[in-house]
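Dropping the structures in below, format is structure tokens.
After this come two complexes, each holding subunit A, first together with subunit B and then together with subunit C.
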Partner chain A sequence: MKQIVRVFRDLFRDYRFTVAFIALLFLLVLSLLSYVSPYDPVSIYQVPRGLPPSFEHPFGTNWLGQDVFWRLTFAVRNSLLIAVITAFFSRIIAIIVGIVSGYKGGTLDRVLMTIGDTTMVLPILIVLIVISMILKDWARSFVNLGLLLAFFSWAWDARVIRSQVLSVRERDFVRVAVLSGMSTMKIVGKQLLPHVLPVIFTTFINNMSWAIGMEITLAYLGLGIDPTVPTLGTMLQRAITRQALFLGLWWWLAAPIVTAVLLFIALYWLSVSISEYLDPRARFQRVGAGK
Partner chain B sequence: MEDILILKNLTKVYSIGSLLFRSKITAVDGVSFSLKRAEIFTLAGESGCGKSTTAKMILGFEEPTSGDIIFEGNSIQWWKKRKKDFLRKVQAVFQNPFESFNPLLTVDDIFFETVMNYGLANSRNEAEKLIDEKLQLVGLKFEDINGRYQSELSGGQLQRASIARSLLSNPSLLIADEPVSMVDASLRMSIVNLFAKLRDQLGVSVIYITHDLATAYYVSDRIAIMFRGNIVETGPVDKVLIDPKHPYTQLLCESIPDPDPEKKWSREITVSDTEYEEYLKEGCRFAGRCPYVKEICRHEKPDDVLVDGVLVKCHIYKK
Partner chain C sequence: MNFIKGYLIPRLLQYFIVTFLGLSAIFFLPRLLPTDPVKQQLQQYQTFGVYIPPEQQEEMMRTLRQLYGLEGTLWEQYLNFWKRLLTGDFGPSFSRFPVSVSKVISQALPWTVGLLSLTTILSWIIAVIVGGIVGYYRKRWMEALDVVVMIIRPIPYYVMALVCLILFAYVFPIFPLSGGIGIGQKLSFDLETILSIVKHGTLPALTLMIVGIAWQFQSMKLIVQIVKSEDHVWYAKTAGVTEKMIVQNHVIKNAMLPMITQLGLQFGGIFSGALITEMVFAYPGIGWILYDSIMKADYNLIMGVMCISTIAITTSILLLDLIYPLFDPRVRYR
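And now, the complex of A and B:
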């Protein structure tokens, strides 16, 4: 417990972490507000159309008669959900592939890394567009879209985890663990995994922001999630296809853009400052060696 | 007495480079020796001569390219299927005490793991007693390591703890890979004395890998001098180090400074930096530095010759 407090105190010395943490907390509260929303996220013509921001409708209403603020709470929740699903599944693949190929090495390592490299060099965006065009209905559920994105994003992180495992594997304490009669599974779980966890954590965050970006890109092209279900991507796509700017409803367009930018900055700063904190050399520069 | 460990023509070849431009380095080249019960056997030699690779092959961390390892009458392949029994009998101590313990786990964790995995105790109390008993052998107490992290102990304490851990399962063979090179002089003696005590009281055989000839002379029964993957001289330690036969051993012994300020080094000590070439060389690998080099040395590999109870790999002694 005392250690956790100390870790957070060190982390909060970095303004980027502080800003990112507060922004994320804010967005999390926003997404939780969706559970008390007075409006249905999908139905249209629930409120007067095209009202500017006011006390009653903080972010205004759109041309379809929906409250932008309450829709946004659903959008943030759904986007975060897709991001977490993607990051979760791609982490599972990346951890298994990274640890197996790093620890076992040899032919298995070469085979797994070749598969990974192959998915890495694919033009992911084009492939994703083609796949979600073909599997139109299949890709509309959150879990399926998450799985699809996860399948194309594990390779980089598997390589990062593998390289970490490679360096830890050669250290003597792993040999001592072998000598102490621990099974391979136990060595991986107890001796290796704790050394790999920081990498897993930072790549998790990076993967989340990548997934949100991909979802927005696909939704903008009219692919991926059902356009009536609010996510950051579908909100943006709706606003653009319904000519929000021509109608003068800038708040309709601005809400998802500002939120997405805020989310990206928060996730990016979080991952940068955490990975800097975990890298001892960079940390000494920031915190100072004496403290 | 029966031989506990026999190495027959053990060879390890590493290939380096890409698929097309591949070259091979023979790190260990036809090493053979045998080890008796309750004996301290020293493997000595300069850095990169294949001492540690030999140790790793015995422990099963590296696969030998060719050759046999026979432990307690059974080959290493037979033991491979009984890995746990093998590791219970063969334990090791490594060079760097700071690397021997996981920095993210407490030091006592690996002790309890060893006790649990080999079923050495039935309850936690019993385990603690056993661990304390082994730690006492190296002058530590259970309280010294309990709940402490690696960073909270000194290098000497860690190295002693590392030895105590290796003794938990009462091994019959202990492989000590440069165990004293990172501890101070006084601790060095007590660790070396501990090995002698293990040999005399518990009948443990020790393979003591070192480049420190002084402690090797002090503690070991027999010694093997390695050079570039070959064992160039094997025999009782007082014969090998007092009256060295092989030119390389002579060079090694001469490079130990005398504790007499008046005495100067008798000969220029030259250290070759052609390590890579020496590994690839035909014939005797020491030929490039040997003062007694003959024509035959450059073409033909020397065989082991028995001179005065010492096995020497040199053409000089060939009849």
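And now, the complex of A and C:
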């Protein structure tokens, strides 16, 4: 317990972590608010349309008669959900591929890395567009879209984990474990995984950010999640296709953009400050040696 | 000889394998899926109220299959796909019938190549210079620049393009909303056309450059900081080598290499970003063609754009890798 408090005290010395932490907390509360929303997220013409922000409708209402604030709470929740699903599945692939090819080596390593390199070289955006276009109905659900995004985002992180495993594998304590007859599964779980965990954590956050960005980009093309279900991408897309700017409803467009930008910055700053904290060289520069 | 055997041939081999796998994936992905584009097309005609007699329906299906390259077994189709790819024939475009896909792409390609190469090179140079200075001197006011970059860096291309479009074309109408040149203008070599191209290209270029500079500025800054704190630089300083010489011979030379690697690694991302930016600004390059073909379900054109993009990305990464030894004496003869 004391250790956790100390870790957080050290982390909060970094203004970036503080800002990101507060922003994420705020967005999380926003997404939880969706459970007490007085309006349905999908149906239209529930409130007078095109009202500017007021006390009753904090972010105004859109041209389809929906309250922008309450819709936004659903959008943040759904976008975060897609991001977590993507990051979770791609982390699983990355961990398995990274540890297997790092620990086993040989032909398997080469094959896995070639597959990874191929998915890295392909114009991922175009491939994602085409797959989600052909599988339009399949990619409409959160889990399927998450799986699709996960499949194209593990390669780089698997490489990072592999290099980490390669260096840990040669250390004495792993040798001792092997010689003392520990089973391979146990070595991987007890000796290797703890060393890879920090990498997994920071790449998890980065992957979430990437997934949210991809969801927004796909939604712009009318692909991915069902356009009536609110996510940051579909909300933005609706506002654009319904000519929010020319109707003068700037709040309709600004709400998802500002929220998305806030979310991207918060996730990025969180990952940067944590990875700096985990890298002792950079930590000493900031926190000061001897603490 | 050592260079050819140890570096060039394995690298070329890898290039061919990766390109081959990528193009094969493009061929197989749509064919593994349950939807039949030919039946879809016919259904579309019928929903528009066109009556097609059964015997003509057969005829039409055959013609469409031929146009899509869907005749024969999967293996024959695959061989045919490569034959057509190597001759640069992707069939006709459906939304712009009877113009061929290769013609549509070759008309769009100069726009993308121009935009992409100009912004990539410019932003790379700016980022290297500014990042190098900030990384080397680390003054108090430079921290502010760092914060600005930290804010821009995580924003994806699409959101950035949208914000730029709203701010500079709608709220402050400095630049035109869309297009590559003025409406109805013919491409020719006079001052008016060139000015129009520059005016239309500025905003997309600006978007790409803002994101590109933010990416590379950070790495350059970090690399220079690390190089500066290395022993040989410190030794040179104590040995009385002038600051100018240290910067020229030790810091810049060592920092440039990772930056070139970075450029190669990020090229796929930059390319995707350029496509997205073109879509947002309706800039008449490959990205806009892709957007258009997706909206009109122009299957052949999508395939053509995908193949060209894959080849373009793998080839440019190969070229970067091949010129890399010229900069780094350590990897020249591995």
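FYI, the second predicted complex is superposed on the first by the 291 of 291 C-alpha atoms of A that agree within 3 Å, B and C clash if a C-alpha of one lies under 4 Å from a C-alpha of the other, contacts with A are read in each partner's own complex, and residues count from 1 in each chain.
Everything that follows uses one rule, which is that contacts are C-beta pairs under 8 Å (C-beta built on N, C-alpha and C of every residue); 3 or more make two chains touch, one makes a residue touch a chain.
This structure is a prediction, so every number in the text was calculated from the model and none was measured.
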Inset, instruction - Put subunit B and subunit C onto subunit A via the superposition and say whether they clash or fit. - result: fit
Inset, instruction - Using the touch definition from the top, say if A:176 reaches subunit B (first), subunit C (second), both or neither. - result: first
Inset, instruction - May I ask you to decide whether A:278 touches subunit B, subunit C, both, or neither, giving the answer as first, second, both or neither? - result: neither
Inset, instruction - Could you look at A:118 and tell me whether it touches subunit B, subunit C, both or neither (first, second, both, neither)? - result: second
Inset, instruction - Taking the C-alpha centre of subunit A as the vertex, compute the angle to the C-alpha centres of subunit B and subunit C, in steps of 10 degrees. - result: 90
Inset, instruction - Answer with first, second, both or neither: which of subunit B and subunit C does A:221 touch in the superposed model? - result: second
Inset, instruction - Decide which partner touches more residues of subunit A, taking subunit B and subunit C as the two options. - result: C
Inset, instruction - State whether A:190 touches subunit B only (first), subunit C only (second), both chains, or neither. - result: first
Inset, instruction - Considering only the touch criterion stated at the top, classify A:19 as touching first (subunit B), second (subunit C), both, or neither. - result: neither
Legend entry - Partner chain in contact with A:133 - subunit B first, subunit C second, else both or neither: second
Legend entry - subunit C versus subunit B - closest C-alpha approach in the superposed model, Å: 5
Inset, instruction - Determine where on subunit A the residues touched by subunit B overlap those touched by subunit C, and list them. - result: none
Inset, instruction - Could you pull out which subunit C residues touch subunit A in their complex? - result: 14, 17-18, 21-22, 25-26, 29-30, 33, 35, 150-151, 153-159, 162-163, 166, 170, 268, 271-272, 275-276, 279-280, 290-291, 294-295, 302, 305-306, 309-310, 313-314, 317
Inset, instruction - Could you pull out which subunit A residues touch subunit C in their complex? - result: 16, 114, 117-118, 120-127, 129-131, 133-135, 209, 213-214, 216-217, 220-222, 236, 240, 245, 253, 257, 260-261, 264-265, 267-269, 272
Legend entry - In the complex with subunit A, residue positions of subunit B that touch it: 59, 61, 84, 87-88, 91-92, 94-96, 99-102, 104-105, 110, 113-114, 117-118, 162, 165-166, 169
Legend entry - Residues of subunit A defined as touching subunit B within the complex: 171-173, 175-182, 190-191, 194-195
